[in-house]
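Both complexes shown next keep subunit A, but they swap its partner, so subunit B is in the first and subunit C is in the second.
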Partner chain A sequence: MLKYILKRILYLIPILIGVSIIIFALKTFTPGDPARQILGNSASEEQVQEKREELGLNDPVPVQYFNYVKGIVTRLDFGDSYRTGKPVLSEITPRLWTSAKITLGAVIIGALIGVLLGIISALKKYTAVDSGVLVISMFFQSVPEFVIGLVLIMVFAVNLHVLPANGIETWQGYIMPMLCIGLASVASYTRITRSSMLEVLGEDYIRTAKAKGQSQNNITFRHALRNALIPVAQSVGTNLGNSIGGGMVLETVFGVPGVGKYIVDAITQRNYPSVLGGALIIAIVLTIINLLVDISFVLIDPRLKTTIISGSGSKKMKKVKPETAKAA
Partner chain B sequence: MAKMQTPAMEKIQKKNARRKKAYKSTPGRESWKRYKRNPTAIIGLVVVCILILIAVFAPLIAPFNYQTQDYGAMMQAPSAAHWFGTDQFGRDIFSRIIYGTRYSLVIALFCTIAAFFTGGLLGIIAGYFGGIVDTVIMRLMDIFQSIPMIMMAMCIVAVLGNGIPQLVAAIMFASMPTMARNNRAAILRVRGCDYIESSEAIGVSQPRMIIKHMIPNAAGVMIIFFAGFLAVSIMMMSSMSYIGVGLAAPTPEWGLILNDGKAYLTSAPYMMLFPAMMIMITCFAFNLMGDGLRDAFDPKMK
Partner chain C sequence: MSENILKVKDLVIHYETDEEVVEAVNNISFEIKKGEVLGIVGETGAGKTTTALGIMGLLPDKVGHVIQGSIELEGENLFDKSEREMRKVRGKKISMIFQDPMTALNPVKTVGEQISEVILLHDQCSKAEALLRAQKMLAMVGIVPERYKDYPHQFSGGMKQRIVIAIALACEPELLIADEPTTALDVTIQAQILDMMRSLQQKQGTSMILITHDLGVVAEMCDHCAVMYAGELVEYGTVEEVFDNPQHPYTKALYQSIPSLDKDVERLHVVPGAVTDPSKLPSYCSFADRCTEKCELCEKGDPECTEVNAEHWVKCFTYQQKKEGK
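What follows is the complex of A and B.
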C-alpha cells in the first residue's frame, strides 16, 4: 500500500515539471517587455536594460527556466502581479478558499442530483422516465454553464428578486453559482450511476436477495447502491477539473471574488504574471487533489487494495482505469 | 443423403438471391437504421441541418448587415422590423445572430479538425504502436490534462491575443488530450480484433494496416467524438467570448452578443435572451445528434 502511494507521489513529479514547462513556454511568448511593464513608459532605455539584467531576462532560456523553477521550489515565488506588485501566491490564497467552497458545493449538488436521477433511470430502464431523465440531464451538460447562469439571474434576481445577482456577501449569493456548476456535472453522474446500477442489479447476489424476499427498497439502497457507487465516487476526480473550469467562467458571471475571476481580470488587464502564476498554482492544487482522491478510494474500497498490493495487480489497475474514464 | 432439388426450391432460391441484391447490408446502412429509430437523435440532426442552412444562406436570411449601426433605432424591443430587437448601437440582433451561426459553426469545425489532426493523430499513433511510444505520448497528454481545459485555452488566448486563429489554436491545445485519449481507445479496441491479427500474419504493411483496416473500423467511434467536440468547441468559444477572452468586439459571435447585452440585463433582457437561447439550442442539438451517433455506430457502448 505504502509502495503504491509512494509510486503515485513520484509520478506527480514529471507531471509538475511538464506543467511548469508549458507555463514557462507561454511566459516566453507573452507580448511586451516585462522590464518595461514593471518600470513604466517613462523609464529610460538604460534603466530597462538594467532591470532586464536584474530579472535575468538576458540569460539563455534553459537558465531562465532553471531559475524559474528554483524560485518556485525554494521561495514559492510564482511571480509578482504587474498591477499591485505583490506576489501572486499571496493574492490568490484567500481566493482559493472562496473557489473551493463553491466547487465543493457544486460537486455535492451535482453528485446528489446525478446519483438520484441515475437510480431512477436504472430502476425504470428503457421507459419514458429513463429517456426523459437522460435527455434532461444531457441538456444541462450540453449548455454552457454561463448561459444557465444568465437564465437563473434573469429569473431569480431580475424578475423574482429572491437571490442576489452579484457577489457573495450573503449566503444566498452562493446558491446560484453552485447550482449552475453542479447542474453541468449531473449528466455524467447520472450516466455512470445508471450503467453501474444496471450492472450490479444483474449480479447473482441481487437475485439471492430477491429470492430471500427482501423488499425492493432494501435491495436498491442497501445491496445494489453501495457497490454501484464505487465508480461514481471514482469519477468525482475527473469531474472536479471540469467543475473548476466551469467555475472560472461563472465567477465572472456572478461577480464572485474567486481564483477564476482573478485570472480573467488579469487577462483583460494584460497582467501576465498573475495569469500564468495563477494557472500554475491551480494546476498544482488540482493535481494534488486528484492524487488524494485516487489514494483515498484505494483506502475505501478493499477490492482495489488487493489488486494493487498483489504484484501483477498494479498493471491490472492501470488497465481498468481508462475504461471507467471512457464510460464518463 | 443426397439433397433433393425441386423446381419449386430453385424458384425460392432465385427469389432469395434477388432479394439479397436489392437490400445490401453495409455498416453505414445498419447504423442509419439504428439512428432512425431514435427520435431525439432525429430532432438533433434536423436542428443541426437547419443551423447549417442558416450559416450557408446567412446573407439571404438576415434583413440587415450585422455591423450596420442605426442610431435612429437604438435599444429597441423586438418588433416586426427588428425581430429580436436592436442593441445599444442600433444593430439588428436577429441579423447578428444569423451571421453568428456562420462564425460559430465554422470556427467550431476548424477547432475540431485541428484537434483531430494533432491530438487525434497522436492518439492513433499511441494506440497502434503501443509500448514506449504509447507511454511517452500519453504521459505528455496527462501533463496537458492537468491544467483545466478552459483555463489552458484562456491562458493561450491571453498570451497570443484575441482573434480567430488564436482562438482555434487555444481550443486545439486545450482539447488535444481528450481527443488523443478517445482516439487511442478507439484504435485499441480494433487492435485486439482477430482480423487485424490475421492481416498481420499474411504480412500487410503497417501504413496499409492503419489506413485500410484500422481507421475504417474505428471510424464510427471517432465520428461520435468528432460530433461531441463540435459542441464542446462552441461551448468553450462562447464562454470565452462572453467573459472577454475570446474573439474581439465587432464579430457577431453569440458569446460576444451576450456580452454586449450584459449591461442592460434589467432594462433590455431581450438583448441576452435570444443569443442565450441560440447557444442552448445549438449545443443541445449537437449533443442529441452525438448521442444518436453513439447508439448508431456503437450499440454496445451505452
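What follows is the complex of A and C.
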C-alpha cells in the first residue's frame, strides 16, 4: 500500500513540472512589464529597473525558472503576490480551505441526494416515480448554478432572512453555496446510481441472495448498493476536483473568498506569482484527492486490493494459487 | 422413500412481453419423493430452468407468469404463500445452485459472510455461531475453513461452485435444485463436484432436482429421469427404464447423439431440425416437425401420457398406437 502511495506521489513531479513550465512561459511571453504594473505609471524608469532587478526579471528565463523551483522545494516559497507583496502560499491556504469545505459539503449533499434518488428510480424503474426523479434531477442540471444561487438568495436571504446573502463570516454562510453546487450535481449522481444499480440488480449474485430467502430491502442495501457505488465513487472524485478550482462563478455570487475567485482575479491583474502558485497548489491538492479516492475504492471493492496494493497483483496471486490447487 | 416432498401438477409458465408470449413450460406434472434425485434433461430452451425458477418463486418480475397449476411442497401449495412466507421457504426448505459459479457470488462480501447470511436468515443463532457453522460448511465442501475471510475472486471456479453448494446446503434443505451445476466447470472438476454433491445429498437425505443436458450425469446421479422438450415432459421413468428402454423418439435421438468409444464414426448423430420456438408452438405434438417416427396422428393433436409400465410413461402417438396395436 505504502509503495503504491509513494508511486502515486512521484507521479506528481512530472505533472507539476508541466504545469509550472506552461504558466512560466505564459508569464514570460505575455507583453507588459510586471514591474511597471506593480509600481504604476507614475514611477520613473529607474525605479522600474530597480524593481525588475529585485524581482529577478532581468535574469535569463531558465535561471528565473530554476530559482522559482528552488524556492518551492527548499523553502515552500511560491513567490510573493505582485499586488499585496505577501507570500502566495499564505494567501491561498485559507482560501483553499474555504473552497475545500464548500466543495466537500456540496459533494456530500449531491451524492447523498443523488444516490438516494438513483436507488429509488432503479427500484421503481419505468414508473411515474422514475420519470419524476429524472425530470427533477435534469432540471437542477440544466439550470445554471448561478441561477439556482440567485433563487436561493432571494428565498432564504431576502425573503425569509434565515441565511446571510453574502460572505462566510458565520457557518450559515456556507449553507447556500454548498446547496447550490450540491443540487447541480444531483442529476449526474442519480443517473450513475440508477444505471449501475439496475445493472447490479440483474446480476447472478442478486438471484443467489433471493434464493437464500433474503428480503428485497436487504438485497438492495446489503448486496446491490456497495457494488453499485463503485462508479459513483469515481464520479465523486472527478466532481471534487472540478469544484475546488472551478467554483469561481458561485464564489462571486455568494461573495465567498475562495481559491477560484483568487486565481481569476490574479489572471486579470496579471499577478503571475499568484496564478502560478495557485495552479501548482491546486494540482497538488487534486492529486492527493484523487489518490484518496482511489484508495477508498479498495474499501468498496476488495478485488482492487490485489491490483492497487501490489501494483500488478501478480505477487498476491502467486500466493493464492498453490493453496487453490491444493484444496481443489 | 415413500412420501412426496414435491408435487408439481399441470404447471404452465409463460413469459409475456409486449411483442410475444413465450410458452416456456406447458402443462408438466411430476413428483419427487424424500431422498430421491430426479434428473431433468433437455436441450437449451426446453424450459428446465424456468421450471426450477417457478418452484423457487423466482420467475423474472412482470415478465414471468404462472398461468395454471400447483406446486406442493410437503402438501402445501407454494402459489398460495405470500412473498414473506416464500422467503422462509427459499434457502431453508428449497435451495438452488445456479449454473455459473463465477457470477453467483457477491464480489464485495467474504465467502464466510455469504454462507453465514443464509444461516442467520433462517436459523435462530448469533453471528459468531453462524460464522462457525459457515466454517464447518466450508470444511464439508473441501475448503480450508480459515479461508472464510477471503473474497470470491480469490477462489478458482471449482472452489466457487463448492462455496455455492455450501450456501445451498447450509440450512439442510428438504429439496435442492441444481441447475446445470457443472456446465461452467472444467471436465476434471465436474466429476469432483458431482461426487461431492452426491455424498452430501445422501448424508443429509436431501431430495434433489438435477437439471442438466448431460445424460452421463443423469445416469450417475439420478433415480428418476424426466426428458423435457419445448416446455413439456415427453418421457419420465426410473433411470434404468428410460436408459434401457427409451420410447420417445426424442429420447432415442438424445442417446444416439452420445458419441460411442466402440464405434468409429465420422460425424456425431444430431437431432434433425432446430429446437421448436417456444413462442410459436404448434397445436399438435411439438416434436412432430423433427420426428423421424411420426405417424398420421402426430400433426393432428397433442399426445397424452401413455404408460409403458408402472414406473415409466411417454407422451407419443407412435408409441400409443404401437401399444394399442399389440
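Quick note on the criterion: the second predicted complex is superposed on the first by the 268 of 328 C-alpha atoms of A that agree within 3 Å, B and C clash if a C-alpha of one lies under 4 Å from a C-alpha of the other, contacts with A are read in each partner's own complex, and residues count from 1 in each chain.
Just so we're on the same page, contacts are C-beta pairs under 8 Å (C-beta built on N, C-alpha and C of every residue); 3 or more make two chains touch, one makes a residue touch a chain.
Just so it is clear, the structure is predicted and the values come from calculations on it, not from any experiment.
J.: Can A:248 be said to touch subunit B (first), subunit C (second), both, or neither?
T.: In the superposed model, A:248 contacts subunit B only, not subunit C.
J.: Which partner does A:150 contact after superposing on A: first (subunit B), second (subunit C), both, neither?
T.: first
J.: Considering only touches as defined above, state whether A:45 meets subunit B (first), subunit C (second), both or neither.
T.: neither
J.: Can A:169 be said to touch subunit B (first), subunit C (second), both, or neither?
T.: It touches nothing on subunit B or subunit C.
J.: Touch test for A:209: subunit B only (first), subunit C only (second), both, or neither?
T.: Touch partner of A:209: subunit C, not subunit B.
J.: Pick out the shared contact residues on subunit A: the ones touching subunit B in one complex and subunit C in the other.
T.: Subunit A residues touching both partners: 325.
J.: If we count contacts the way the header does, which residues on subunit A are in touch with subunit C in the complex?
T.: Residues of subunit A touching subunit C: 203-205, 207-215, 223, 226-227, 300-303, 306, 320, 323-325, 327-328.
J.: Using the touch definition up top, name the residues of subunit C that touch subunit A in the complex.
T.: 56, 58, 86-92, 95-96, 98, 100, 103-109, 117-118, 121-122, 142-144, 147, 151, 153-156, 158-159, 162, 164, 167-168, 189, 192
J.: Report the residues of subunit B in contact with subunit A in the complex, numbered from low to high.
T.: 40, 139-140, 142-152, 154-161, 181-182, 185, 231, 235, 238-240, 242-245, 258, 265-266, 269, 272-273, 276, 279-280, 283-284, 286-288, 291, 302
J.: Of all residues in subunit A, which touch subunit B in the complex?
T.: 14-15, 18-19, 22-23, 26, 29-31, 131, 135, 138-139, 141-147, 150-151, 153-154, 158, 165, 195, 241-242, 244-246, 248-249, 252-253, 263-264, 266-268, 270, 272, 275-276, 279, 282-283, 286-287, 290, 322, 325-326
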